[in-house]
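Input: structures, listed below.
The same subunit A turns up in both complexes below, where it pairs with subunit B and then with subunit C.
Let's look at the complex of A and B:
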C-alpha cells in the first residue's frame, strides 16, 4: 500500500492539525451525508409540501399530516389508517413467532442431539433466499387445489384470498424465511451460560421448565432484548410478502403501509410524493416509539 | 439418573428438531419436484408429490427465451451488486471504525455520538428523497444505485469498533515506537486482527444486499439491469398461469446461494454468533 511520505513522518505531527483521521472517516461521512443525512432532512421537508417527485415542491404546512390523521373523507386518510393498522397487525402476529420459534430451536440444538449441525443448516438456509423466490415457492404450497397444505388437511382453504388464512400464510412465510439470524444469536448466547448453573439447579431439584425460565431466559435477556427490537423494526418494514403473496387482499385486509407509500410515490399515474413522505414519516415515528417502549419495558423488567 | 434425564431431553430435542426440519425442507423439496412437472399435468391431475413425467422444459424455456425474462442476467446483476456492495462496505467501515476507535482527533466523540444517534431514524423515511438523489446523479438503472447508498449505515462501524476495543492498545504503541504512522498501524497491526468481525460484516452486507426487495424495485425499471429479486416479481406477473415455470425460476434463483452456503456455511454460522456478543 502506497502511503504519502508526509503522513508517515512523525515530525509532521503536532505542528498543525493532523488530517490523517479525516482521511479515514471521510469516505463514510461522504456516503452517509449524501445517502442518509440529506435524504432524511429532505424527506422531512417534502412531507410539508405537495411535491410530485418532478417539479418544485410547494410548501403546504401541516396539510398532509392533517389530511392523513384527521380528514376522514380523504382517500389518503383511509389508505393510511388501513395500511398502518395492517402493519401493526402483522408486527403483533409475527414478532412473537420470530422470537419464540428460533429460541426453541436454539434450545433444542443446544442439547446437541444427533444431526444438530444439519438441522441448524436447514433452519438457517432460507434466510439466504430472496423474498420473491420464497413467496413463489410458498404460493404453490398454499395453492387451493394442487397445494400440499390443503391436500394434507383435506380442505380446500383459500389461503391467500380469505381471512384469517391470508395473515396466517404471510406469517408462516415470514417465519420460515427469516428466523435463522435470531436462532444463531440465541445459540451463541446459550453456549455462553456456565454449565454449573444448571448443575446447581439440578441438585436443588429444578425441572427442565424451571431451569429454562429461571436460568436460561434471564441469562440471555440482553440478546432477547436486542432481537426483539431489531426484529420488530424489520417487521414494520413488511412489504414483499403481502405484495407478492396476497397482493394486499382480500379486500385490502393485508395491504400494508409500505405498499401505499410505494404506490403513491412511485406507482403509475402522477406521483404524490409529498403525502407519501408524510406517511413514511408517521410510520418512522411509530417505529421509534415502539422500539423505545420495548427498550424501556424489557430493560426494567427484573 | 442424571444421564437418563439427559438422554431423555436429548430425545425430545431431537424429535422436535426432526418435525421442524421436515416443515422447513418440504417447501423446498416440493418446489424442486414441481419445477420438473408438466404444467398441464400439474393443473389437471390433482395432487401428486412427484411428477408423473419428469420434464426439463420449464428450465429451458426460461433460459432460452432470454429477452423477456433474462434470468441469467438478473442473476449476474444480483451477484455484481452484492459483491461490490460488500467490498465497499468493508473498506468504508474498517477505515472509519479505526479512526473512531483508535485515533485521537478533535470532534471525534461528537461525530461518533451523532452517527449513533442517527441510527434511531428508520430508513423508510429517506426512501422517497433518496430516489430523487439517485435520479439527479443519473444512477437510475445503474448498479451504483443498489451498491452505494447501503454503505451509509452506522451499525457496522459500531460493531467493528466494539471488536477493536479488545485489541490491546499496546500493539499500536509498540508499532508507533518503531516509527509506524496511522496508515501502517491500520494495515499492518489492526486490519489483520479484524478478520473475524469483518467476515460478519461481509456476510450481513452480502445477504442484506442480495435479499433487498423494495429499493431495487424502485430504482430499476430496465429489465436488463434489475437484480433477481425484482426479476422474479416480474416473472410472477408473466407466468401466473404457469406455476411450474415460475417454480423453475425460483429454483434457479436459489441454487447459487445454496451452493455458496454449502461452501461458506462454517463462516455464516460461526461468524454470525460473534455479533451475538453485543448486548442490547
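Let's look at the complex of A and C:
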C-alpha cells in the first residue's frame, strides 16, 4: 500500500507535527481532564465558599482556611488538627512496614526456594480482596472474647477499643492487605539485577548482608523511590480501615482526616462542602510536600 | 499506512468511550418518565423488608391503575447522597420517595419538596383521623402538607423470658421495665455471669432517656440544647450500669449474647424482630427501659418513613394524583408492611386480626402506648445523630469524661449549624 508522500516528505519534516505520541495519550488525557482535573478545580473553587450542595454557593474567600488553620476555638479546627495528626501517625507507622516487609519477602522469593511460586501467590492474595471483606475478617480475628488472636495470646486485649492496640490493629490489617502490590514490583526489580555483581562480590569475600546493602538496594533505588512515594500517598488517603475497624475510636484517637472530610461533605445532616473541600485541599498540599521531600532524599544524585 | 490506522483506531476508541460514558450515566439514575405512565419510586428498603415493599407495589400494579409504580430500592446512604445531586441538576428526579421523618424539615427549608395540598381533595380518606397522630403531624409544616406517613418504627426492648422469670420475676407484669428493676436483676444475674442490659445503638437509647428526664433537643427549633443536667442524668444512668457490670463489657456484642441466652434485656428496634426468628428460646417485646412505671410518662424513641415528592418539572398534576392514589391504596393495604416487622401509620391496620397477633402491635393498640411514641424531628437531627454515634459509646464506656463529651457535642453542633446560611 502506498504511503501518502506528504507524511514522508523530508522537506516538511521541520513543520509537520509528529502525531503519534498524541494519538496514544489523547484518550487518557480526555479521561483525566473530565474525571480528575475538572473536579479538582471545582473542589478548589468550593473551598472558597460556604455551600450546602443545594442552594447557591456563598463566596467567603479564605475564611475556611483561616478557620481550619488558626481559629483554635472552632470545632472544625479541632477536627482538622486531630484528623491530620492521626493521618500522619498512621503514615509514619505503616509506610516503613509496607516497604520493608514486601522487600524482605521479595528478596527471599528471589532466592527461588522450592514452591516459591505458591508462596508468591499466597502473599499476593490479600491484595485481591476488597477492604470491606478484609476488615470484616480481621474484626472477627480481633474479637475480645472469641477471636483467635486473643485465644493464641491467652489475653483479653480490646484490640479495636483501646490504645496502643487500636493503632496496632489498623497497621496490621493495612500491611497484610498491601504486601502484594509492592512485593511484585520489588520482585521484578530484583530479577533485573545482573548476577555477575553477586559473583564478583562473592569472589571478593562479601557476605549476605554486605551483598544486600551494597549491591541489591542501590540497584533497585529507583523502584524503592517509586514505591515509597506511592505508598505514602496511598496511606495518606486512609479511610476504610479506621472507619470500619475502630470507628475512629477510642476517643477519636484513630479518627483520620478523610473521615471528617467525608462526614462534613456527605453526612446525615446538611452538607458543609466548603469546609470539607478546604480540608481536602490542605491534605493534598501536605501529600505534595511530603512526596517532594521524599524525591529530594531518594533520587539518584547523578 | 500504520500511522493512518493508528489515528483511525484512537478516534474510534475515543468515541466508544464517550458513548459508553453517556449510556451508563443514563441507565444508572433511573429512567426518566416525563412521557411514560410510570411512577418512579425510590426507597431505602434494601434489607429483608425490601421484599415486602416489592410485594405491595406488585399488588398495587395488579389493580391496573392509570400510573403504575416502578419500585427502586437503594442503599440508604447512597439514596440520600443521590437525591441531593439529582435535585441540584433537576434531571431524573424520582416521582415519589420515602425519607425518614427527621429530614423533612430541612428539605422544606431548602425548598426541595412539592406539597400535597393541591392533590388531596380527591382522596378524602387521607386525613388526620385515619393516621397515627405522631406520624401524621410530621408532614404538616408552615400550614402545608409535605409528607404522608407510611409507618412509625420504634426502638423497644427484647427480653429472654426464662432469664426474666429467674432474675426479674414480675418485672413484665405491667409491661414496663424500669431502670430500678434492671439494677435489681443485675445484682443477682452478675453472680451467674449473665449480662442484664445490652449497650446497643446509643442514639435512640440516649434520646429516649433524655426525653424521659424532660430534656429537649432545642427550645427555639434552631439552636441545640444538649449540654445540660438532663443529658448528664441520661448518660450517667448508663455509665453507672456499665460500671456496676450490669451491662455487657466494652467489645462484647449484645446481639450475640442475647442469642447465646446470656443477656436478659436487649434494647433494639422493632425492625430487628425478623433477625431473631431463629432464636432457640422464647423471647418477648416490651417498651424501652423507663425511669418510672407510670404509663403516662413512657417514651419510646421512634422514627417514621414518610412519602415525599421532590420538586420535578417532569411530574404532571395527573401523575401527582397517581402518586396520591398509590399512597391511598397503601393506607388500605398495610398488612404486608406489618409482616416486615413495621408498625403501619394507617390506623386501618388496627382492624386486622392478623396484625393484632404480631409482637409490635402492642405499641399501637393502646392509646397510652401510642402516646409514648416520640419522633425527634429537630431540624438538625442529622448532626445530633452523627455526634451521638461518634462519642456516645466512648462516653458510656468511660473513654471520654461525661462533662467534656457533652461540651464537645454541644460545641460541634453549634459550629456546624452556624454554617447554615439560611439561618442568617
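The definition used in the following text is that the second predicted complex is superposed on the first by the 268 of 302 C-alpha atoms of A that agree within 3 Å, B and C clash if a C-alpha of one lies under 4 Å from a C-alpha of the other, contacts with A are read in each partner's own complex, and residues count from 1 in each chain.
Everything below uses one rule, namely that a residue touches a chain if its C-beta (ideal position, glycine included) is under 8 Å from a C-beta of that chain, and two chains touch if they have at least 3 such contacts.
Every value quoted in this text rests on a predicted model; they were computed, and no experiment measured them.
*Asks:* Touching A:270 in the superposition: subunit B (first), subunit C (second), both, neither?
*Replies:* second
*Asks:* Which of the two partners, first being subunit B and second being subunit C, lies in contact with A:50: first, second, both, or neither?
*Replies:* The second partner, subunit C, only.
*Asks:* Taking the superposition as given, does A:161 touch the first partner, subunit B, the second, subunit C, both, or neither?
*Replies:* So A:161 only meets subunit C here.
*Asks:* Which one hits more subunit A residues, subunit B or subunit C?
*Replies:* With both complexes superposed on chain A, more residues of subunit A are touched by B.
*Asks:* For A:120, decide between first (touching subunit B), second (touching subunit C), both and neither.
*Replies:* After superposition on chain A, A:120 lies in contact with subunit B alone.
*Asks:* Considering only touches as defined above, state whether A:203 meets subunit B (first), subunit C (second), both or neither.
*Replies:* A:203 contacts neither subunit B nor subunit C.
*Asks:* Return first, second, both or neither, reflecting whether A:251 touches subunit B, subunit C, both chains, or no partner chain.
*Replies:* Second partner only.
*Asks:* For A:27, using the defined touch cut-off, is the partner it touches subunit B, subunit C, both, or neither? Pick first, second, both or neither.
*Replies:* After superposing on A, A:27 lies in contact with both subunit B and subunit C.
*Asks:* State which residues of subunit A lie in both footprints, the one left by subunit B and the one left by subunit C.
*Replies:* Subunit A residues touching both partners: 1, 3, 7, 20, 24, 27, 31, 53, 143, 145, 266.
*Asks:* Write out the stretch or stretches of subunit A touching subunit B in their complex.
*Replies:* Listed in rising order, the residues of subunit A that touch subunit B are 1, 3, 7-10, 17-18, 20-22, 24-25, 27-29, 31-32, 34-40, 42-44, 46, 53, 104-105, 107-109, 111-116, 118-133, 135-141, 143, 145-148, 151, 176, 181, 184-189, 191, 202, 208, 222-226, 229, 233, 236-237, 239-240, 243-244, 258, 261-262, 265-266, 273, 276-277, 280-281, 283-284, 287-288, 291, 295, 298-299.
*Asks:* Okay, in this complex, where on subunit A does subunit C touch?
*Replies:* 1, 3, 7, 19-20, 23-24, 26-27, 30-31, 50, 52-55, 58, 74-76, 143-145, 158, 160-161, 247-252, 263, 266-272, 274-275
*Asks:* Inside the complex, what are the residues of subunit B that reach subunit A?
*Replies:* 2, 9-14, 16-18, 20-21, 23-28, 30-31, 34, 42-43, 46-47, 49, 78, 91-93, 95-96, 98-100, 103-106, 108, 111, 115, 118, 120-133, 148-149, 151-154, 157, 179-184, 186-187, 207, 210-211, 213-214, 217-218, 228-233, 235-236, 243, 246-247, 249-250, 253-254, 257-258, 260-261, 265, 268-269, 272-280
*Asks:* Touching residues of subunit C toward subunit A in the complex: what are they?
*Replies:* Interface residues on subunit C, with respect to subunit A: 1, 3, 6-7, 10, 13-14, 17-18, 80-81, 84-85, 87-88, 106, 110, 112, 249-252, 380-383, 385-386, 390-391, 393-394, 397, 399-400, 408, 411-412, 415-416, 419-422.
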